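Paired with chain B in one complex and with chain C in the other, chain A is shared by the two complexes that follow.
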Partner chain A sequence: MQQINLLLLSLPDGILLGFVYGLAAMGLTLIWGVMNVINLSHGPIIALGMFGTFFIFSRLGLNPYVGLIPVAIIGLLLGILIYIMAVHRIINAPHLSSLLATFAVNMIIIGLSTAALTTSPYNVDFSLSSIQLGKITLLGTRLAAALVAILFAGGLYLFLYKTRPGKFIRAVANNRAAAELMGIPSTKILALSFGLGTMLASVSGALIATFFPFNILSGGSYELKSFVIGVLGGLGNPIGALFGGLILGVLEGIIPAFLEASWVPVIEFGLFVVIILVRPTGLFGAKK
Partner chain B sequence: MKLWQRYRGLILPVIAVAAIALWPVITGKPADRESAFTILKAVALATSLNILLGYTGYVSFGHIVFYGFGGYVGIFLLSEHGWSLYSSMLAGGIASGILAFLLGKAILHLRGGYFALATIGINEAMKAFINNFDLFGGSTGITLHFSIYKLYGGAAQALQTAFYVSIGLAFFAVLLSYMVRTSKFGLGLLAIRENEDAAEVMGVFAPNAKTWAYVLSAIIPGMIGVLFFFKNGNVEPHDAFPLHASIELLVMVMLGGQGTVLGPILGAFAYQGMRGYLVTSDFFKDIQLSVSGALLLLIVLFIPAGAVGWLRQRSALLRRILA
Partner chain C sequence: MKRSLLTLFALLTVLGMLLAGCGPAATEVPTEAPMATEAPVATEAPVVTEAPVVEVPVTVTIGFTSSITGSQEVSSKRQVNGFTLWMNQVNEAGGIHLSDGKVVTFASQTYDDESNKERVQQLYTTLITEDHADFLISPYSSGLTAAAAIIAEQNGKVMITTGAANDDTYKQGYTHVYQLYTPGSLYLKSTIDMIKSFNPAAKIAVVHEAESFTQSVVDGLIPYAESQGFEIVLQESYASDTADFGPLINKIVDSGANVLLGGGHYPDGSTFARQISERNVSLEYIALLVAPADSKFSELGDAALGVGTSSQWELSATHTELEANNLGIEWYGPSGADFATAYEAKTGDKPTYHVAGGYTAGLVLQKAIEMADSIDPEAVNSVLETMNIMTFFGGTQFDTSAEAHGLQINHEMVVAQWQKNAAGELARVVIWPADVATSAPLYPIR
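On to the complex of A and B.
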């Protein structure tokens, strides 16, 4: 009985968080799907999103959900800049090059931000009223974050499938050479895809900041979660990432009811390694 | 052929390691000895990573898992079962080798980005597991009792001993790297790096060759781990499996030149030297990570072959001297 009570307490939280994790992972997996690059600067960009919320809410006094708009725009532009400076030259080189180039960007961002913001924890003092459903309590900020995440996922889907640039992105992901022959400006599309990936990362960071304290290094653990989710959902499959996020959120909700919370990462990463070995295309299929 | 001509690829690497080892002996300062220890540790680790990364072409982001795992096994035997430093180091190296063998059988069929991701996952899973593993002290780890150092003539003398052992390990790593590079087995690895399918057609049995390369690259980190944590006095999960240290090793190998014997040595020396300078300089100390990152980015973008690789491309003479 006690475990069921615990479960009722932690599972809804886990599910709502799962959507936000999924959003972050979607950014990672979009970039992988379009250009076969594992973006190791994903974590710091999530962290920058967190600081976006901090400055917009705590310094400018705006509503954090309104603040998502500038955070998203800056995230997009930052991604395009990273693509042009660090990724474009080595887009056709072996994996090691792109891994190290994006990791170099990671170091640059962390270094500059540490100098400017230190590594001490920040906190956004923001809360929404919570909703009570029987024994289940849904925290307002988490519910709103999950809704925003779903909204962004839906928006991405519409963008990729209904608009012209979205179709270009899918064409480049499918076969870059053929897309170029059809007159698609592949460099611009690659830069846009990278920007969209970092935009999703920064928005998820901005959402996480509304309920957890953070510092500039916090992005790292969400980056690792994004890897796990990306592989669960199939690398290169953005919609699979949302489901992968849900699975991770449910796991994080269930495990603490039965085991010590410190076992959560053991199971998460164990599952990650097993999935990558047994079914590298993920549970929902990688990009075709 | 004269002896020195046969082994001329080994001359510069040996001179380089010997120079690093002699530097604190000449100055006689304990601070220099500590710097030299850090550099020799980096030389041995980077050289061992190069066997997998440079020769075989597999990008591991979790090389440090062998350092942590071997270190834990060795320190556990040293502390709980009273083994000597040397037998613990041997046990740590063997434990890492066995781990690499088992992992290699499982993950080496993954290629490119998937292999890199799997190694990250293994490192994190291992860290999280050790964090919960009570035999190894869980999240607090194992702290060596001070009396253990008495066997080695007190703590100060133990530091000196650890330094000498690190010299031995660095030479061992370089020699191993050279032997692999010049052997037929190494030629098979290089073929796998260039084109795995073609290599198999030419008669290289890739799964076995890759696994043995992985095992060879794992033994030295296991031994270094035991030595470092012995010197450190304790081992805990956070120190034993730092993901960023794996990536620093990749940077060293890239900096010096992957796939060469001399490259990782120069890379380790340059990277540690630069870090030491940046951390202590007034101007750079706050943004040292950014400066390192910018430098890494420039190397990846413009000199992907690394310093030694770049020199080798310049002239035939350099190609003969620099292995």
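On to the complex of A and C.
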């Protein structure tokens, strides 16, 4: 009975957090889906999104949710820049090359940011009032973050399925050579896709910063979660990633009700291995 | 026959004289030895004036790693700031003058350990074998120090540890590692005593970081709390990089606890405190390790209000020469106020106990060199074993038993709490023990 009580208390938190995790993972899985590149700079880009919120709120005094717009734009442009500088030349090379290239970007961002921002924890002292439903407390910041994550996921879906550039992205993801033969500028589309992936990562970071403290190394744990979520939802399937995020968030909410909290990563990564072994295309299927 | 007897007599006489001559000399050495220590200063003083000892400058290298990056950054930087202040002060004052003419000044050699144990071992090896560090100071945190202590001991280097409370490090049979902090097992003893004075029937939740230091605190805390009649209604650990404390806070609420003890280090402790506040959890008292002892904790705003901590040192309850005299212990070093003034002048920041610990590590090493009148590591090691002094940081005396060699046995902690001062600003005040408290405890918090 006590466990059920705890589960009911923690489940809403897990669900709300899961949407944000899902948004972060959508960025990773979109890039993999379109160009078969595992972006190892995903974590620091999430962290840069966190700092985006920090500077916009703490230095400029703007509402963090208004600040999502510049964070998204900068994230998009940063992604395009990373693609042009580090990824484009090795896009057709073996996977190891792209892994090394994005890892190098990861190290550059961490190195520069550590020099400029140190690894001290930063806080965004922002709160929205909470909603009390019996014993359940829904924190306003998490509720808002989940809504924003859903909006971004919906927007991405509409972009990919209802707009011309979105259809180009899907075409390039499906068969790059054929898409090029149809006159689709694949290089521009790949750069745009990479930019969209980093945009989603930076926005998720910006949302996380409204309720968790962070430093430049904080993105690492969300990057790992993104891998688990990507595999759960099916690598290359952005919408599947959102559901994968929900599953992970729920697991993080309910596991501590039954076990010590330190078991959470053990179970998460155990699940990661099981899914890879049993259903490598993920619960919702890999890229289509 | 006569000649033989004469020869034998002569031999026996000479032998007897030799034995007689040797005997008294052997017994007289000890009696003369004290005279040599008592009188020579006066009798030998003129010799000094006749042939002054030539001063030979010697630079002693002190090696340590610091966490410029990583999870221990905040506290580690403060510790290094404290140590650096001590070193600069000693050097600016002309160093330590030894009787053989050596004038000892200090240089430091340090690297960024990135808060990483593996890196600590690699870097301490470098400090010893390549940089030829003469003495070592520990990195910050028990986990990193445990890794460094092995290297120090293997190489026979004296290491003064600060920021390293875990008892276990000093129970490994090491003979060159000396602890300044109160051991972890005693960290929350005063807090339990304080809670007992307010609510002897309090239900306690112990939720802590899964790390060696916090484990040693909990290992000491739980038996002591239970011996005082408290019920531990929840005991749970969490990973160091935990960001979401929601499920744990729900468990605390569900357990019916009215006191929370735990935390770990700065990043997790500050996050924990913030999320407890966001959820309006009703607790009579919250004590977290390490994080609330840092001045940066006030950045949490109202979430910091009422949160208590065990502190190794607070300026408002600093130890004094009078206290040392009353206890019959030798006083050494500057007063707490002088230390704090010098530190504020250098950094513009108020010193925390991490700063004071870093400074005192150097101070204790300085005292040991002075006592040994030598920079020989083994001589310094020997005097550390007998050291019993009080500095502004508190008592310093080490366990010399084989079971816990180097463990600190004479340093006491205070309980501090974040409260609002008359101007409505957050300030960390000492609330326990009552004889050194500067404010009454805010109990219950909410």
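Convention: the second predicted complex is superposed on the first by the 288 of 288 C-alpha atoms of A that agree within 3 Å, B and C clash if a C-alpha of one lies under 4 Å from a C-alpha of the other, contacts with A are read in each partner's own complex, and residues count from 1 in each chain.
The rule is short, and it goes like this: a residue touches a chain if its C-beta (ideal position, glycine included) is under 8 Å from a C-beta of that chain, and two chains touch if they have at least 3 such contacts.
These numbers were taken from a predicted model, which means no experiment stands behind them.
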Let me test your reading of the model: by the given contact rule, A:100 touches which partner, first (chain B), second (chain C), both or neither?
first
Which of chain B and chain C A:213 touches, first, second, both or neither:
second
By the touch definition at the top of the document, which applies to A:265: first (chain B), second (chain C), both, or neither?
both
With both complexes superposed on chain A, which partner does A:257 reach: first (chain B), second (chain C), both or neither?
second
Considering only touches as defined above, state whether A:130 meets chain B (first), chain C (second), both or neither.
second
Using the touch definition from the top, say if A:114 reaches chain B (first), chain C (second), both or neither.
both
Touching A:38, do we find chain B (first), chain C (second), both, or neither?
first
Chain A residues contacted in one complex by chain B, in the other by chain C
114, 260, 262, 265
Residues of chain A defined as touching chain C within the complex
2, 5-6, 9-10, 13-14, 17, 114, 118-121, 123, 125, 127, 130, 135, 137, 139, 211-213, 215, 217-218, 221, 252-253, 255-257, 260-262, 264-265
Could you pull out which chain B residues touch chain A in their complex?
53, 57, 59, 61, 106-107, 110, 112-114, 116-118, 120-122, 124-125, 127-129, 131-132, 139, 247, 250-251, 254, 258, 286-294, 296-297, 300-301, 304
In the complex of these two chains, what residues of chain C are touching chain A?
69-71, 73-74, 210, 236-239, 241-244, 246-248, 250-251, 253-254, 266-267, 270-271, 274, 278-280, 296, 299-301
For the complex, give me every residue of chain A touching chain B.
32, 36, 38, 85-86, 89-90, 93-97, 99-101, 103-108, 110-112, 114-115, 224, 227-228, 231, 235, 260, 262-263, 265-266, 268-270, 272-273, 276-277, 280
